[in-house]
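Right after this note come the structures.
Below are two complexes that have chain A in common, paired first with chain B and then with chain C.
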Partner chain A sequence: MKSIADIKAIRDKMKGQINLRDNKDADTETRIVVGMATCGISAGARPVFNAFVDDIASRQLKNVKVTRTGCMGMCALEPIVEVHVPGEEPVTYVHVDAEKARKIVANHIVNGNVCTEYLIGDNK
Partner chain B sequence: MRELALNILDIAENSVKAGATLIRISVKAEGEELRIEISDDGCGMDAEFLKRVTDPFTTTRTTRKVGMGIPLFKMAAEMAGGSFSIRSEKGVGTTVTATFLRDHIDRAPLGDLSDTVVTLIGGECKSEFVFEVSVDGKGFVFDTRELKAELDGVPVGEPEVLVFVRDMIKENMIDIGGETL
Partner chain C sequence: MVRSHVLVCGGTGCHSNNSAAIKKEFETLIKERGLENDVSVVGTGCFGLCAVGPIVIVYPEGAFYSGMKVEDVAEIVDEHLVKGRLVQRLLYKEKSDAHSVKALSETNFYKKQTRVALRNCGVINPEEIDEYIAEDGYQALIKCLTELKPQEVIDIIKASGLRGRGGGGFPTGLKWQFAANSPGPVKYVCCNADEGDPGAFMDRSILEGDPHAVLEAMAIAGYAIGAHQGYIYVRAEYPIAVQRLRIALEQAHEYGLLGKNILDTGFDFDLEIRLGAGAFVCGEETALMTSIEGNRGEPRPRPPFPAVKGLFGKPTILNNVETYANVCQIILKGAEWFSSMGTEKSKGTKVFALGGKITNTGLVEIPMGTTLREVIEDIGGGIPNGKHFKAAQTGGPSGGCIPAEHFDIPIDYDNLISIGSMMGSGGMIVMDEDNCMVDIAKFFLEFTVDESCGKCTPCRIGNRRLLEYLDKITTGQATLQDLDDMERLCYYIKANSLCGLGQTAPNPVLSTLRYFRDEYIAHVVDKRCPCHVCKGLARYTITDDCKGCSACARKCPVGAISGEIKSKFVIDPSKCIKCGVCMETCRFGAIVKE
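Then we have the complex of A and B:
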């Protein structure tokens, strides 16, 4: 059985990176916010959250945080994801699934191109 | 909700919103029974609200009038030959308990508990969690306070940490025979 103590290697690796990061402005962090109320969960928000976590970990992206929030008020469009890139307007994606989440990471977070096909305007 | 692990995520999210500092989640399969309990030290509810809380048209939200989380969990338990109870005291906390007949044809599978754990502990959450899982006497405990002590300042929400936690829970579930629960 694996135990918490096994995390030491990851901790030691991350510690140096985190210290470097703390010196930077906190405003440089990209935030991915996944709606995680009953409506979001039943529409499939949990695999979306986990796909973001997986992809960001495997690409070793720094300064990107995945977080969750409650109901965003448009339950029929869940799973809803907001991407906050510092210095840019927040972007709202609707009907997101795990595959779309990986595309959002590749196109929007890594390359800076908003995935316009998943925006709310095209899904009304 | 297709998995009980999704109900757990949903109910525990209420505990987070209730400002709980510690949330205990226990999943216990023993003999014929599967028992899931989520208990917190959050703000609790008064007796009047508690009476109405299993009604889908009760919610604390002001934007609309429905709240489906608790009713859905209650339904999942009752349609699987089990029971549902919720105890709460204002200022003390809330405990939600659901039991299920393990072999009931209508019992939803537990599903992916590791994904639920990652979703709960990720995302700038101030609450601490204790997950206790046991299957016919074999079990494990995962405590975020122990994880934080081991991490020594590295945030729990770092994706690489979360991936580690998910793999750990997955592996432990297989070791105790809980992956098919």
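Then we have the complex of A and C:
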């Protein structure tokens, strides 16, 4: 038998997973888009993607969604990640790895400071 | 870590279109591609847009794929799940314009809906209690058991203005109050899931998509009135709903959310399923309880009302599935939230099963007060094939028709009654110009004659007589006097029948008489059916386009067609059995039906 605290714990744990299915606030949510065409995947986009998903779930960030997209055209710079914050210009990060992904979440998504060192402009 | 959810509809509509095989194919292919840790495949309840099923939705994009086939699965796995590109070909297209709609929430079908009772249908996996808990499931029960006194629970339900969704529209809070006030240590909570109206599938979809919501609400009701045992009366013809209810009951027991000492609060409440054998009369509350008791499902006179003397002679509350589906939300979000939706006397939302001549056959939930026009044109996508709206039938065999002149009426309990129909449980059958209203009335009456339990004479014999009048009308043997006699008989049956079945059975006749009397007159006086539906009144004639080929004469099974080769043939109406074979045979379109 579960206690009331157990039920609340199950709810909090499962919420992170179910949030993925919430499409209601599509206009107000932050989207992290990972390039996952052949080029992206072979450059290591999968662990990057998983790092984002893990980190967002463990921080229980609401209104942040991680999605994939196809080839963005600059295969040499993969893994490429675009961050769309509502009302702001999209930001493109290149050569992202899992560690950088976690930094992007901490600095950019949570605190609103763009990680300038990974930006496309400086790394071409 | 799961990054993507593939939701496959497992409601009855999609299920019968092979959605189980589609789900299996997804699971197989995802495993083959090594994505089983990234993508989870979830079977859900009804999404509502049954017309375009089987439906698959892929999150986080929310991509809405419709009309899926097993062969299409590979393309979605390879393109969408592996490469992240939407498969445009399979995305849902709004029928009116050609471009694809990406997400379910963007469709006109969903935009005007407000989902309260259906909130979890098509969102969670109904066979997984953890997913229900993630959507605040069982929080309402916890709130009641730990923060609220039973009377406070009843007060919230009363203040919300929730009315019974099964047909009558009796205030739910009041019903609970009566049962709570009845003395005695043993009381019961029952759920009416014996949804029998032709064309209605709201309750089935809720049970299939969100069974825990009903269990939780019944436990809350038990706490409110002081009952420790409940019964869910569900028809055996709903195998998926029954199976998911069983799974839900088992999981709730395992978690200690049902049974003795729930969540260590000292409150005991248990539930059992009772299967109905599919008799329509068992949807009537007293007959339903008689059936649970193990007797033949027959109604008994009221009073005493169930809240005073119900199941096994004890105080009982009996609510419909959809009513229960609203309860937990009201407890969590408050009575004010609920009563902010709807009209003055009808609060909240109502689920309708849209069927008949409508583009988007399916399940919709709208705030009370939405107009019929919005439901049919905006949400339902209008009438297919460019035909015109003639009437909408609500309330099933107990209800009536809403004609085009009331197209802009806001839908609520009292408005529908004022125009001679009723809310009913929520079936809405749309009819276009090709539907003969006398035939519709006959269809519903055949149903009630079939389903009458036979206990009281007005219903058993009166409705049979009524059907005979309709038979006379549709075969051209009736007189205007018959029309008047028939109408008088309707009122007699309504006034004298024992239970709701008989009291409402003449409604389809009365409401079609009220709005479409001209069609009845055409049948009676002109001996013709304006919509060419009633076979007994059809007349086949051969026009001057006849080339005299004799093909029809050779096909006619009764030898009613005669003539000379290369000149016009004629049909002898006294021999013709109106089978229509001649019309199908003619290659020149020279035979017309009148």
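By our rule, the second predicted complex is superposed on the first by the 98 of 124 C-alpha atoms of A that agree within 3 Å, B and C clash if a C-alpha of one lies under 4 Å from a C-alpha of the other, contacts with A are read in each partner's own complex, and residues count from 1 in each chain.
Everything below uses one rule, namely that a contact is a pair of C-beta atoms (placed from the backbone, for glycine too) under 8 Å apart; a residue touches a chain by one contact, two chains touch by 3 or more.
Everything quoted here is computed from the prediction, not taken from an experiment.
A count of residues in chain A touched by chain B and by chain C gives the higher number to B.
Of the two partner chains, both chain B and chain C are touched by A:M36. By the document's definition of touching, both partners, chain B and chain C, reach A:I4.
Of the two partner chains, chain B is the only one that A:P47 touches; chain C does not reach it. Judged by the touch definition given at the top, the superposed model places A:G73 against chain B, while chain C stays out of reach. Touched by chain B in one complex and by chain C in the other are residues 1-4, 6-7, 10-11, 14-15, 18, 36-38, 49-50, 53-54, 57, 65-68, 70 of chain A. Those residues of chain C that touch chain A in the shared complex are 1-5, 7, 38, 59-62, 83-85, 103-105, 123-124, 130-131, 133-139, 142, 146, 255-257, 263-264.
By the touch criterion given at the top, residues 1-4, 6-7, 10-11, 13-15, 17-18, 20-21, 23-24, 26, 36-38, 49-50, 53-54, 57, 65-70 of chain A touch chain C in their complex. Within the complex, the chain B residues that touch chain A are 1, 6, 9-10, 13, 17, 61, 63, 67-69, 72, 112, 115-116, 118-119, 122-124, 140, 142, 146-147, 150-155, 157-164, 166-168, 171-172, 175. On the side of chain A, the complex with chain B involves touching residues 1-8, 10-11, 14-15, 18, 34, 36-39, 41-42, 46-47, 49-50, 52-54, 56-58, 60-61, 64-68, 70-71, 73.
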